[in-house]
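So, here's a batch of structures to check.
Both of the next two complexes hold chain A, though its partner changes from chain B to chain C.
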Partner chain A sequence: MKILAVCQSGLGSSFMVQMNVQQILKDENVDVDANDITVDHSDVGSATADSADYFFVESTLADALGSIPKERIVLLKSLIDKKETAEHVNYVLDNENIAHD
Partner chain B sequence: MLNDLLNQETVQLTDATDLSWETAIRLAAKPLVANGSVTEQYVNSMIDVVNDQGPYINIGDHIALAHTRPENGSNRISLALLKTNHDIALVNQYHPITLWFVLSAVDSESHLEVIKQLMTLLTNEATVKQLMAASSAEDLLTIIHSRNE
Partner chain C sequence: MKSVLNLFVSIATQPAILVALIAMLGLLLQKKKATEVVQGTIKTFAGFLVLIGGAGILSNSLTPFAKMFQFALHVQGVVPSNEAVVAIALVKYGTTTALIMLVGMIVNILLARFTRFKYIFLTGQAMLYVSCLTAVILISAKLGTGWQTIILGGIFEGTLLTVTPALCQPFMRQITGGDEVAMGHTGNIGYATAGLMGKWFGNKKNSTEDIEMPKGLSFLRDSTVSITLLMGIVYIILAIVAGPHFVETKLSAGTNYLVYALVQAGTFAAGFVVVLQGVRMILAEIVPAFQGIATKLVPNSKPALDVPIIFPYAPNAVLIGFFTSFIVGTISMFIMIALKTTVIIPGVVGHFFCGAAAAIYGNATGGRRGAIIGSAVNSLLISWLPLLILPVLGTLKLAASTFADTDYLVPGILLGNLGNLGTVAVVAGILGFLVIVVLISLILNGRDKANSKAEATK
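On to the complex of A and B.
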């Protein structure tokens, strides 16, 4: 399962989200190797439906991901609110039947 | 690294009530233009991307991180902070901003340590509360430097 954090430039905010997601996976004691989970970041222009299973993006950029199925897009109100990101990560984990705390 | 980049020169605070989001970004970036970290073109580009793409630089409650691609006039990794004591609407009223960070990078990798440290600072709710309440640039610096050693 691959999670891709996306932002307009692919420079700053998407990396922040990537770091948060990785930290949350660790906090939730998810076995990322056994479940083959990868987390990466990219700019919105290079993100295609094939590049990941789930796309985490700041909510005002949602339209820029128009070609990607809505159910695979996770909209974030805040990029630095760990609680919000954790809720979304747990939703994705449940959706994929991956064990977590 | 954050401690070097955010210093007496690059951290500012203003009481101004009449700033637009464009002028707030220009003011926040002024020290970086003055010390040659970024060009005037870089500043224009940061504003253009918000005009084109919307207020996505609103990375958290009352916090903006203005930046654009390195090729738009960035000479080195740099970071600046402006606190506007009065909230300023970024594009619209749903995005009020108090802390305006400006970031420049030179490629896609070398500034990631700065982002990491900035995230450590901003994901700490107590620190953010203190920054929001700071009444001088010195206060802002003290908070940043004491949290990030």
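On to the complex of A and C.
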């Protein structure tokens, strides 16, 4: 499974979300290697439907991701609220039947 | 012996290898697995080469642009774009930039550890770009590419990126309603100005967020789309003004002038995408290493993060700020054409990020009026200050692109003009800057202590 954090330039804030997601996976004791989970970041322009399974994006950018199915887009109200990101990560893990704490 | 020395010099002067070695050091310090160290080092190495490739694409599309502009309007046209100018500059100043960035990170950690400014600057691309700007200015001021430039440049970059988040923090508390994160972007001087403008001239009660905004404009936030659209319009107008004869005989080798203009605009956007990919690959290993080391060494540190973290707090202000900023930039451009100065063409990326953020700051202190006045004043800064920075950029002033945000422009202009006074002035200026920041910290700490003592005796 691949999670892609997306922001406008794909440099700063998406990278921060990526690092947060990776930290959360670690905190939740998810076996990243066994479940083949990768986390990456990119700009909106490069994000296409086949580049990841889930797209984490700040909510005001939702409409710029027009070509990606809605159910695979995870909208973040706040990019700095780790609790909110953790809720979304847990939802994705449950959806994919991946064990976590 | 000579060939061994040559090998070391070659490694040290090849920025791609040097940056890869810095990344490797970071990975080793974090005690990563051997495979991860190899992977990260190679990706950083290749990333730098991707960036240099992108620089070539950008330069190739900007050269005909500059020629058409010169022919059509008899003045130089410049598009402020941090990505473009940095990519072009890194071809020449890559090694110095990489080393300044490394020293700057250490300076940032030390200042955060020992002064009251607990801000760890985590926006990697901004660190890279400010280091590049510093390298260009110091080398143009004839400080050479040796250790003096690297140490002084690192002190300048590290000190600047520790204090600019501090400028914004009073406003960040109002925007985010907390004190946990700081602004780690390169428009901070403009944002703080916008915040002050809102405070002085605005009315906090009428927030931008009470307005109903149209939703159909968000496709413009895909930078590839907005850059191609805007550059397409600018290129086609230029091609028409320059005329088919000039374009087809001098530039396009017979291809229709409008088609040629459109392709050049698309090429600029393509170069932009390639550069972003390169920057992303370079930073992917360096930033986590820096963050890991910094948070271990600096207790109670606050991360200074990239500008979009504040966008969700005021999405309407984002759009209002972008349009206000872009309109003011366009009006400024027409005034420049009339005045026959170098013409600064409004860059869509700079006006978006900086205009949007300025409006959010203005809105936090002064509502709708604050948002509009704040982003307009910020736009005047980023439209007119490039005229002043061009002369201090040495050979880079002919690149048809320049730095776009206030925190490159204001410090760059000051440092560059010190450079014109001689190397002693630059050295004194940079060391003075560091001393002033440390002194302010000591004075403010002393005042806080006195206040808390006064509280206690009451």
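Definition applied: the second predicted complex is superposed on the first by the 101 of 101 C-alpha atoms of A that agree within 3 Å, B and C clash if a C-alpha of one lies under 4 Å from a C-alpha of the other, contacts with A are read in each partner's own complex, and residues count from 1 in each chain.
In this section, a residue touches a chain if its C-beta (ideal position, glycine included) is under 8 Å from a C-beta of that chain, and two chains touch if they have at least 3 such contacts.
Because the structure is a prediction, the values reported are computed rather than measured.
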Looking at the overlay on chain A, is there a clash between chain B and chain C, or do the two fit? clash
With both complexes superposed on chain A, which partner does A:13 reach: first (chain B), second (chain C), both or neither? both
Now for A:46: first (chain B), second (chain C), both, or neither, which partner does it touch? second
Chain A residues in contact: does chain B have more, or chain C? C
Is A:64 in contact with chain B, with chain C, with both, or with neither (first, second, both, neither)? both
Quick check for you: in the superposed arrangement, does A:82 touch first (chain B), second (chain C), both or neither? first
Just one of 63-71, 135-143 or 279-287 in chain C runs into chain B once the structures are overlaid; which is it? 279-287
With the touch criterion stated at the top, can you tell me which chain A residues are shared between the chain B interface and the chain C interface? 7-13, 15-16, 19, 58, 60-61, 64, 78-80
Residue numbers of chain A touching chain C in their complex, please. 7-13, 15-16, 19, 41-46, 58-64, 66, 76-80
Listed in rising order, the residues of chain C that touch chain A in the complex are 122-126, 176, 180-181, 184-185, 215, 218-219, 221-225, 273, 276-277, 279-280, 283-284, 287-288, 291, 305-309, 311-312, 315, 318, 349, 352-353
Please output the residues of chain A touching chain B within their complex, sorted ascending. 7-13, 15-16, 19-20, 58, 60-61, 64, 78-82
If we count contacts the way the header does, which residues on chain B are in touch with chain A in the complex? 49, 53-61, 63, 65, 67-70, 103, 105, 108, 111-112, 115-116, 118-119, 122-123
